[in-house]
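What follows is a set of structures for review.
You will see subunit A twice below: alongside subunit B first, and alongside subunit C after that.
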Partner chain A sequence: MGKTLFEKIWDAHVVVEKESSPSLIYVDRHLVHEVTSPQAFDGLRMNNRIVRRPDLTIATMDHNVPTNDRSLPILDQTSAIQIKTLEKNCKDFGIKLFDINSPNQGIVHVIGPQLGITLPGSTIVCGDSHTSTHGAFGALAFGIGTSDVEHVLASQTIWLEKPEPFEIRVEGKRKKPHAVTAKDIILSIIKNIGTAGGTGTVIEYSGEGIADLSMEQRMTICNMSIEGGARAGLVAPDEKTFDYLRNRQYTPKNYESLVEYWREHLTTDKDAKFRKTFTLHIDNISPQVSWGTNPGMTCDVTDSVPSSEDYSNGDENQKKAADKALEYMNLKSGTPITEIKIDRVFIGSCTNARLEDLIEASRVIKGQKVSENVRAMVVPGSQMVKKQAEEMGIDKIFTKANFEWREAGCSMCLGMNPDILSPGERCASTSNRNFEGRQGTGGLTHLVSPVMAAAAALEGHFVDVRNLDLN
Partner chain B sequence: MIKYERDNIDTDVIIPGQYLKIHDYNELASHAMEGLDPNFHTKVKEGDFILSGKNFGCGSSREHAPIALSHSGIKAVLALSFARIFYRNAVDGAFLLPIEIDENTYQRISEGDEINIDISSNEIKNITKNQTYPMKPFSEIIGKIIEAGGLFKYKPD
Partner chain C sequence: MDSFKKLKTIITPLDQVNVDTDQIVPKQFLKLVQKSGFGKYLFFNWRYDEHEKQKQDFVLNDKKYQNSQILVTGENFGCGSSREHAVWALKDYGFLVIIAPSFADIFYSNCFKNGILPIKLEQKIVEKLKQESGELEVDLENQILKTHNEKISFNIDSYKKKILLEGLDDISQTLKFEEKISQFEKQSIIPSVL
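So, the complex of A and B:
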């Protein structure tokens, strides 16, 4: 029987395999950031261990860093300590660090691909659940906790029970692809499979709807695999993948011979078996807006806020969850999504802060102004994205429209740096999680695409971006 | 037993992002479950359990989540299902026992019930109601890691 792409990558990385036991898997790249690594390095010190492969370990700081002027000191002392600790750990253990002043600093999942560190067919781990992003390149990439970070630092391997392959086919063509985006595809998928639909699996995304996407759009899809419960999601590499990684700063010297190998080997065999398959037809999908407190609680922009009865379909637990979500989100069922007024707009995060995201959002706002009731910010995913955007004049489009244009970092995705919502503030956000308090205690998050966020910033409420003239 | 009748309790409500900078585990614990139940730290007692629905611990890979619960006194979380990273972190660091239960057990255990868990016989005893329920047995390797006291103390055969 044939093998799936995931199974081929898995087989190529098995160090030890025994029946009915987890396998020991070799790790090709280990990405490290300031929040989930300090205890891991402490553990190494306590046991007199070294980092097994510092040359395969790359660090940056993204979660904690303020996104204002980088010449100013970091006021939050605990953040400053965590950042200093990472500097010391990288120095002590010989790990390459892109620090806060590096032109390569940025969200770890944005810089990996940009620097050519993320490669097809490789295994990539990081102490962050959105490591699934790198799967867009045909890598097996997943998030781990701090104990596993320590294990990988010490051994360059990880124990893992083999997940099962889950095929998600995306068929058809989007109407108005500038308005209906990769974010809308992945939110539609999660709405359908649920937040635990992918538990225990590695998703392989395929079909015309995926092949049509750019690499940056595929990253948006793979990024949110974890929100569907899967630790990893991947896309078989194609010429777009190989072109994207060519001539990056850390692209291997023997790149063309690697490409030849990848072309031949990194595919799912025709007779391979998936544990399950889900198909999404995208011909008629709409821009998506989340209304609740998990990414599965999402609807079309043309819908109204659902009632808990409609959402739950008779499931008592789901009904309770929807009631609590509506209460937390301060929403009444039946309210048209386009009548929901917002206070804040956040364009950023590892889901949607790459150059294409910023370009698409800038097309919506060009020559216009942010609604006077809205505070809007753009946080590029990396300093390199920021620089490229500035070279194109995109920063000016945003600042002229009264958007704040900030330095790279995770920013308002997760409420652990100065960029947070105040209690009760409602935000159109291009990030990945709308959990209670995710963007700050009492903050209300609606997940949307960059174009939807940009349009909402101008109008002060959600609008159907298909009605805008974006060409 | 502290019961939360809901699915998808995520790591952001178990320990909100702003506390991930805290290195003192007891201080971290004082903010456990703050996003969902600000009174959690006043009602939790050493040796307590949490009971919850499906997909407990979904979201972030932060190991702070099982650490915060563990240092609050929580010895086990009983849930209909777990998000994989949370489950793994709980076991690897030997912070708490993630125990999968069935719907019937979930319905029959109430807030405040006194519970004993016997992982050698895979039984949950409800002292208050004088009932016994099954738990899903740990896989062999998970059982061994738990027995050893975490990933770093476990020595493969």
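So, the complex of A and C:
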């Protein structure tokens, strides 16, 4: 029987295999950041261990870095300590660090591909669940906890139970592709399969709807695999993949010979079997807006906020969850999504803060002004994205429209730095999680695409961006 | 790592599905650089109001459960962020067993690295345990739960069971395979980053 792409990458990385037990899997790339690593380095010190392969390990600081003026000291002392700790750990253990002043600094999942560190057919781990982003390049990439960060630092391997392959086919063509985006595809998928739909699996995204996407759009899709419960998500590499990674700062010297090998090997065999399959037809999908407190609680922009009965389909536990979500979100069922007023807009995060995202959003706002009731900010995914956007004059479009244009980091996706919502503030956000309090205690998050967020910033409420002239 | 063999306490029923790790330990407490002391932040936004006073309607604030070491909850527990701080907080607070119909993958794996036993049971058995809300004996060696009137068996991967029973240090186990790791590295086609 043939193998899926995931199974091929898995098999190529098994170091030790035991009957019905986890396998020891080799890790080709280990990305490290300041929040989930300090305890791992402490563990190494306590046991007199070294980092086995510093040459496969790269660190940056992203989760709690301030996004205002980088020449100012960090006021939050606990953040400052965490950042200093990463600096010391990288120095002590010989790890390459892109620190707060590096032109390569940025969200770890944005800089990996940009620097050519992410490679097809490789295994990539990081103490962050959105490591799945790198799967867009045909890598097997997944998030791990801090104990496993320590384990990988010490051994360059990880014990893993083999996940099942899950095929998600995206068929058809989007009408108005500047209005209906990769974010709307992945939110539609999660709405359908549920937030636990992918538990225990690695998703392979395929079909015309994926082949049509740019690399940056594929990253948005793979990024949110974890929101569908999957361990990882990946896309078989094609010429777009190989072109994207060519001539980056850390692209390997023997890149072309690797590409030849990857072209031949990194595909799912025709007779391979998936454990499950789901197909999404995208000809008629709409821009998506989340209304609840998990990413599965999402509807079309043309819909109204559902009732808990409609949402739960007879499942008592889901009904309770929906009631709790509606109460937390301060929403009444039956309210049209386009009548929901917002206070804040956040364009950023490892889901949607790459150059294309910023270009698309800037096309919506060009020559216009943010609604006077709204505070809007753009946080580029990396310093490199920021620089490229500035070279194109995109920062000016945002700042003229009264958006704040900030330095790179995770920022208000998770609110570990000073960029947070106040209690009761409602935000249109391009990030990945609408959990209670995620963007600030008592904050209310609606997940949307960059163009939907930009349009909401101008109008002060959600609008159907298909009605704008974007194509 | 601490080993886990057996315990008997009252259960704490947390009647919610899809409890994410942002709820288990909110982000403002992720800035610590050690593993200890996270118990006081467990379910912080559900346990405390904006003046940091205990909310009376949250189950952990019910004195009846204060010595409980077993949390019984809904499906997809621990979804979202990979933060191991969630497991450190549960452990530091005193929970050593978590029972649910399903767990998110990364959270499930993190439990075993910290001496917490996560048990997957059928939804209807979980519901019944939550409703009875009584004492439960958890016996890992024999993979048996005992309530006042019945015995329930549960499944667990044999390697993970051994790790918990013996409190094994994962890394020293792995480093025994040094030769195989080195062998693998010699034939790997993926080059160094630098």
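Everything below uses one rule, namely that the second predicted complex is superposed on the first by the 470 of 471 C-alpha atoms of A that agree within 3 Å, B and C clash if a C-alpha of one lies under 4 Å from a C-alpha of the other, contacts with A are read in each partner's own complex, and residues count from 1 in each chain.
Definition applied: a residue touches a chain if its C-beta (ideal position, glycine included) is under 8 Å from a C-beta of that chain, and two chains touch if they have at least 3 such contacts.
From a predicted model like this one, the values you see are computed outputs, not experimental measurements.
J.: After aligning the two structures on subunit A, examine subunit B and subunit C and state clash or fit.
T.: clash
J.: Taking the superposition on A as described, I'd like to know which of subunit B and subunit C A:Tyr261 touches: first, second, both or neither.
T.: Only subunit C; A:Tyr261 stays clear of subunit B.
J.: In the superposed model, does subunit B or subunit C contact more residues of subunit A?
T.: Here the partner covering more residues of subunit A is C.
J.: Counting only touches as set out at the top, which of subunit B and subunit C does A:Ala321 meet: first, second, both, neither?
T.: In the superposition, A:Ala321 touches subunit B and subunit C alike.
J.: So in the superposed three-chain picture, is A:Ala196 touching just subunit B, just subunit C, both, or none of them (first/second/both/neither)?
T.: A:Ala196 contacts both subunit B and subunit C.
J.: Taking the superposition on A as described, I'd like to know which of subunit B and subunit C A:Lys400 touches: first, second, both or neither.
T.: A:Lys400 contacts neither subunit B nor subunit C.
J.: Of the two partner chains, subunit B (first) and subunit C (second), which one does A:Lys96 touch, if any: first, second, both, or neither?
T.: Only subunit C is touched by A:Lys96; subunit B is not.
J.: If we overlay the two complexes on their shared chain A, which of subunit B and subunit C does A:Ser21 touch? Say first, second, both or neither.
T.: Touch status of A:Ser21: both partners.
J.: Quick check for you: in the superposed arrangement, does A:Ser147 touch first (subunit B), second (subunit C), both or neither?
T.: Touch status of A:Ser147: both partners.
J.: Enumerate the residues of subunit A that count as touching subunit B in its complex and touching subunit C in the other.
T.: Residues 16, 20-22, 35-36, 38-39, 43, 47, 63-64, 76, 78-79, 81-82, 127-129, 143-148, 150-151, 159, 161, 195-196, 199-200, 226, 229, 231, 294, 317-318, 320-321, 324, 414-416, 433, 435-438, 441, which sit in both footprints.
J.: Okay, in this complex, where on subunit A does subunit B touch?
T.: My answer: residues 16, 20-22, 35-36, 38-39, 43, 47, 63-64, 76, 78-79, 81-82, 127-129, 131, 143-148, 150-151, 159, 161, 195-196, 199-200, 226, 229, 231, 294, 317-318, 320-321, 324, 414-416, 420, 433, 435-438, 440-441.
J.: Can you name the residues of subunit B that touch subunit A in the complex?
T.: 5-8, 10, 12-13, 16-18, 20-23, 35-36, 53-55, 58-63, 81, 83-85, 88-89, 92-93, 139-141, 150-152, 156
J.: Can you list the residues on subunit C that touch subunit A in the complex?
T.: 15-18, 20, 22-23, 26-28, 30-35, 45, 50, 74-76, 79-85, 87, 102, 104-106, 109-110, 113-114, 157-160, 170-172, 174-175, 177, 180-181, 184-185, 188-194
J.: Considering only the defined contacts, which subunit A positions touch subunit C in the complex?
T.: 15-16, 18, 20-22, 24, 26, 28-29, 35-36, 38-39, 42-43, 47, 49, 52-53, 55-58, 63-64, 76, 78-79, 81-82, 85, 96, 117, 119, 121-122, 127-129, 142-148, 150-151, 154-157, 159, 161, 163, 195-196, 199-200, 226, 229, 231, 250, 252-254, 258, 261, 294, 317-318, 320-321, 324, 414-416, 423, 433, 435-438, 441-442
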